[in-house]
Amino acid sequence: MRQLEQWITGIIDPYYLRIIILLGINIIMAMGLNITTGVTGQLSMGHAGFMSLGAYTSAIVTLKLGAPFWAALLAGAAVAAFFGFIIGLPALRLEGDYLAIVTIGFAEIVRVFFLNFEPGGKAVGLSGIPQQTSFTLVMITTIVVIFFTQRLLSSRIGKAMYAIRENEIAAEACGINTTHLKVLSFVLGAFLGGLGGALYAHYMYYISPQDFDFMRSIEILNMVVLGGLGSIPGAILGATILTILPEMLRVVAEYRMLFYGALLVILMIFRPNGLLGNIRLYDLLKPKREREVKPCQS
Amino acid sequence: MLWQQLLNGLTLGSTYALIALGYTMVYGIVQLINFAHGEIYMVGAFVGLFLVITWDVNLGIAMVGAMAVCMVLGVLVERIAYRPLRGKSSRLSPLISALGASIFLSTLMALIAGVNTRRYPAVVDLSSYSLGPIQVSSMQVVILLVSAGLMIGLQFLVRRTRIGKAMRACSQDLDAAALMGINVNRVISYTFAIGSALAAAGGVMVGVYYNAVWPYMGTMAGLKAFAAAVLGGIGSIPGAMLGGLTLGIMEIMGVAYISSSFKDAIAFGILILVLILRPQGILGEKKNKKV
Amino acid sequence: MPVLELQGVSQEFGGLRALDSIDLQVEQNSIFGIIGPNGAGKTTLFNVITGIYPPTEGRLIFQDQPIAALSSHKVARLGIGRTFQNIRLFNRLSVIDNVKVAANWNRSAGLLASLLGLPSYSREQSQSQEKAEALIDMMGLYAKRMEYAQSLSYGEQRRLEIARALAAVPSLLLLDEPAAGMNSSEKLELMDLIWKIRDDMQLTILLVEHDMHLVMNICEQIAVLDYGRKIAEGDPDAIKRDPRVIQSYLGVER
């Protein structure tokens, strides 16, 4: 694996390498949020909170405990997943909008906690984290995550999660344990958020609470919404666009958030299901003549 | 000490209440968390600042000017970002659109005015008076009196006027109100206008009181005011007032007696607890789910 | 032996008594109709039976088992399927997925089995696929099995809802106004379908319906609700002659 890594770093420009690694991390986190918000329909606006928990936990595990990298990754993801479980519990009693606020509040509390957390370096953050996240590792992890997410979403559990998004009362009436699956969607989303955060920390060398603020949550949410809620190719596309575009727009970096804001409004008005939402391979492969007969969808 | 903190909490709480009213009125009618509301408050603070700096007006005029501008802005935001979505898509879409509008407004202001914190020139005399053991600043008196006045005015508007009755009808049942011949779009525009004006007044006063105005001041204030609205029971106007005051007092007390570094976490901690223990808020009514 | 028994079931919403001590016995393998004017509490009764609202008072017994305290999905897993008055499909799932997702949840492959594609999971997938295709075929929706549920016509959506309810192999099927919005030939088809479901699948059907012709023709037993009370019960002929029913309901409609 090391040789592969050396070979790749030898032929790809470091600048592009960096973008690709960050893209992989973003895809992993978008996959997670897609399960919670895109598939199950539980609006989470605090994904940066899970990322932050994963990043800090893993960084502390490697820095202070000297544990191996894989253990740090696992620990980061597991701690985030545990908090996903805690945050998933109110989801059982709360409807969409209230839940959104709870997730924002959660991420804010996590941020304030790390601002005051002595072992985490308080507001200064942690530096000197060994840069163990390699190109090869990120690529392999991303592919594995996409594979298992695909597996999950095409399984009955995945379809049941979609069913909860579409109509919760009917889902219950079909025997689906909505309570159980809503919490599960939070746990899985948080797990991937934490994993992304852990990879991020071990790539960036330095983390601080500011890296995981509300805007970061919005950035990840944007990836899922832009590509298409509930769609795996959509989340990949969304993550790709929103990772590469800011690099291309670097000259006008100040306008980035302006663009993000306008993008969300325009998307919701013209394509509320995202760029790839509602589009399946099946529809694209259908013969044209048949497609023309099909009644238009609202 | 305790009385002093109580007064400070009441002052902060009445500004939360002013912003919370906008959230609760809009939510009561269209069931939308208007995330851009905090930004309206921020724009209000900037318009006030602009008026004071450019034309050297007094606080009253700055406030009225800010309220007027924000009324228009609030209605515009509703027209552009929410109305096209109303009634046709999932609950998620308007929420995300609101978020987009919020990000857009704060970034736009950052581009126009710069990201640095601006200070208000002295518009009120900042002396304070001793009232027994407590110190009362003149700005605190202004905030308490103006907030009380605006809230009484709002109560009058909602209870006694035609448009107020239409608003209450719409918050009961939007479809039925439309069938009764109420122009729902107009009522919603009025609701946004009134809520925005209250937030703008709050923005100007907070800007002067804390002597700080910056483009991202609306995000945290907005989230906390929403927390206050939920705390009081979303959709309930007295609830928003009560929730705002409660949150302000609790936050100041938390800072005074626990730790100032956890200031922002306190509001959210309270909010999450309330939502879990009593999701309908202090004054809210429990609703049965419709099947 | 009754498959479903209600004993003094009441439901209150903030002082309003939507159901007032209802007693009901639904016999195995029967088609049981519930009629009554709008707001009589028919849909509320369905919601109470399926665990959406726990009843304020009273006992619900399904196949010798108390179900009043159970949550909705547990009631469904015990074998009570239902449709909704205002159709509730999973709009952005395909027709076949709408049915597959409802198939028996009692013995379902777990998360790990699904992620790793263990044999238990593959077996379950192929079984539920076959079963779902058979049900969809029975409802005449086979050609549309890959369409999104939201693109179906109104009548097709109603039939898909029935297919979905049957996917979990219920022993009791609740139909909430199945004929709403149908023309008379569609209603005739629906009647045949209800008979066919009952006979082929050996289940009991409880239905709420406004169409008197349909109710009188297919129901073996009918209960009449008015203002949350049961004012009459009997076979169709008895109901047609019942003076209270004629006064409160039939007389108004005909």
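The chains carry the letters A, B and C, assigned in the order they are written, with residues numbered from 1 in each.
Simple rule for what comes next: a residue touches a chain if its C-beta (ideal position, glycine included) is under 8 Å from a C-beta of that chain, and two chains touch if they have at least 3 such contacts.
These numbers were taken from a predicted model, which means no experiment stands behind them.
Listed by label, the chains that touch subunit B and also subunit C are A.
Among the other chains, C has the CA centre that is most remote from the centre of subunit A.
For this pair, subunit B with subunit C, the centres built from the Cα atoms lie 47 Å apart.
Inter-chain spacing, taken between the CA centroids of subunit A and subunit B, is 31 Å.
Centre-to-centre spacing of subunit A and subunit C amounts to 39 Å, using the average Cα coordinate of each chain.
Shown for subunit B are the residues in touch with two or more other chains, namely 289, 291.
In subunit A, the residues touching two or more other chains are 169. In subunit C, the residues touching two or more other chains are 52, 84. Interface of subunit A with subunit C (complex): residues 148, 151-152, 155-160, 162-163, 166-167, 169-179, 184, 230, 278, 282, 294-295, 297-298. Touching subunit B in their complex are the following residues of subunit A: 37, 41, 43, 45, 89-90, 93-94, 96-98, 100-102, 104-106, 108-109, 112-113, 115-116, 169, 214-215, 218, 221, 225, 229, 254-255, 257-258, 260-269, 272. Against subunit A, in their complex, subunit B makes its touches with residues 31-33, 80-81, 84-85, 89-97, 99-108, 110-111, 219, 223, 226-227, 230, 259, 261-262, 264-265, 268-269, 271-272, 275-276, 279, 289, 291.
On subunit C, the positions that touch subunit A within their shared complex are 50-52, 71-73, 76-77, 81-82, 84, 88-93, 97, 100-106, 108-109, 111, 114-117, 121, 124-125, 128, 146-148, 150-151, 164-165, 167-168.
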